[in-house]
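Notes follow once the structure below has been shown.
Chain nomenclature is as follows: A, B and C, assigned in order of appearance, with residue numbering initiated at 1 for each chain independently.
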């Protein structure tokens, strides 16, 4: 492990895929360093996740084919059912009793497929954080996923400190006010939640919002981040003409709300899946706005992807023990790192114990 | 060495090239980790193999040019004769006495160039296994060579267990019967020979044979493998309409015979040269069949090459000490591994002794 | 460090760029393993070199933008003045006192930008070797720079021993006489200067000089190398019709003089910047000759680049402790290696002491 690697927290839920990505084609992903093959059963479309390595000679099962609900290895035909049990081998009737691959607990919720890589006995679906807007018909959502050749901690850093919008995404979603406006940070260490808020009372409206909302003057812009370590990140974004505030009863009919969702799923060391979604409660039927937000947010995400790929390559050439200098804007990211370190440590314990 | 590397057996003969590949162009190959440059002399076309590194500054001689039978280094002109002796250097008349590169014993036989990388005192041409059909006018042969980015042991595994034809080469040379039919395995540990046979009495005829023999019904299909460790692999293939057997006198006029030859030559660690040839005793003058078998077998070989490249990349990311599960079909491959381990150990001894 | 790496001599001047390469675009280079960003100030065009890593999260400043004379980091907007002092950070007024990046001494001289990576207290501009012809209006110069994926010692070797012209550059600048004619070598160990001379009284005229000078018969060709370790290499080339010698008073009106300059600047380990220039005192206004020499010398340099890239890849696969065999032509290169080893050792001492 290099000095830039954030350890993996194993006993946690992670997003393996969007629900719509899993079907009757085998999909291979590597999650927390574990190769996984994903598919759905033929009749009831139940998602299945098995270890992506044939017990025979380690051929990737994701390079194989489905026969009904069974995976037939593409090399020698070892055949596995949905539990990972090998049910057929070539050239003989008897299947060795130890012939099975791991199967992973999955939960399909909020248009996401959540996976549990750690100790299955600890997998409690109740602890999965919610992102209800992703499956709520009152919201229209665009999504995407980009793999990044960078430590997942770099993506957490990136998302926890939005002052970078002004510089990396200037002209897209950043304006001077984002970097200038101080943040407030709240940390719930026990629950593993970090909240970072930045309320701009009078800010320029960046193209991302001007084009999607139709506002053409200055705006009140609120950014309220909730990070449910290790995987789910929600940015509650509220945009309104300057001076327009929520009503006394808590409703907010004159503002535009956008839920920006990220799922940060560590792949192998130094690689991370960057799942992103943009959900809105306005112009929900406007296909043009949908297309604009999909393309424009993809462009923004690629600015981050390129910057983090570059940053990882840069860090890979730095001498060990290089220095960082943190300031107030980093409070949320530092809290997140602290929580991730604790979760990784806790996740490591049961695994050690059973060895 | 990673956990997936099969050790090299040095004191053994290996195929360096097809005879037709060596000529008046310098050819560089790496065999058992040793860089070698190959060419033929001008007058009598004797093949020559020298170490592919100039004594001066290690420039590859294969990137140089021939002057008659001498190699003139492309960097500073150090010049070597066919024995590897340096006979000329720039700027001075005197050539240092120690200026020489290794020369390797070669044998040209059966349209192959065999090389001996180990202790030259042990190089006995009588121990080279034969593949007479390759140079026999009664057979028509097509050939090719593909480098694989994989441990040579993976190619040995692949070839010793043909049940993979059904899955990896389904629709080409594989049919369900190959995987279903049990094998018999004979091992001559002392001679280093493994024989694996699979006799299918009533099998579908795959396109490879249907198109080349003209048979359109079901067939009797015999696969008789002889592996002469470490390098030469012969698959004696017999195809005939169902029920047609050899005569009582041993002749077999109503069957179609194909000799499928592989030479498995380890290059550097994790890389192997896959020499392949298909020889037939039928339709020997039919250019269309020749072209078909060349193209079709190349396609089959590339299925193996792609699978083994993938498998090696996969194994490279596996944790050390990963598990395999072997069954009856692996008997031949496991015997081959055992023999290779012994040959490597024996080959290592003399080299250790002279150090 | 592999067995093929020449250690870096830190307390020395190196060419970071041609003067014309530095302007108002940020230029990133890695010199002696240190990432550096270069630019000029807006008003007086002073060249500036800062460490190319933001103190905040190590983002490369060369991927940022200039705001006047200040660099604004492209990730979060940390802003640095020309001394490397951070003068602004996002979200707060107070800038941490320790927020600064290293700034490197630069000297602009002879159309070159010289940089000092080692202990700044030892940086004495008087010790920079001169290449006055590069900025002398009596000479016309063409230049270029090629990065090589090879140890910088390989480039020093290459340039100190021009016998390679006959083989690697035959048909361009090499003729048989270059390899055949013995050299004389003078070494000033204390000053770190190596001089290698080869005077050919009667030689073929290679295309490089035939086309640029118009000479079409045999020539007197003098090659006088001066290498000022570690970075500056001058080849004083004198071409004249056979028998034409300098006058008794030292003037040399009937010869053609070419100054071939190289600056050898180690980048990261195993990488080197190859700055090259060809200056002539004849046909100085002839644009066709200028274009010819630029294109032709670029071609020659690329022959070296390709050969050294290949040589480095070759050496990377050699076992440790591989042998070389040196002869008379290597006297200069061996002296250079000795001097470089001493300079590296001396350069290492002060750095160790201050730690």
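Simple rule for what comes next: a residue touches a chain if its C-beta (ideal position, glycine included) is under 8 Å from a C-beta of that chain, and two chains touch if they have at least 3 such contacts.
As the structure is a computational prediction, the values presented were derived from the model and not from experiment.
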Same-residue or different-residue interface between chain A and chain C, half as cut-off: different
What angle, rounded to the nearest 5°, describes the rotation that places the Cα atoms of chain A on chain B? 120
Chain centre separation in whole Å, for chain C relative to chain A (CA means): 48
Residue list for chain B, restricted to those that touch at least two other chains: none
Mind pulling up the chain A residues that touch chain C in the complex? 157, 161, 163-164, 166-168, 179-183, 307, 310-311, 314-315, 317-318, 322-329
Within the complex, chain B is touched by chain A residues 35, 53, 55-60, 63, 72-77, 89-92, 96, 98-99, 268
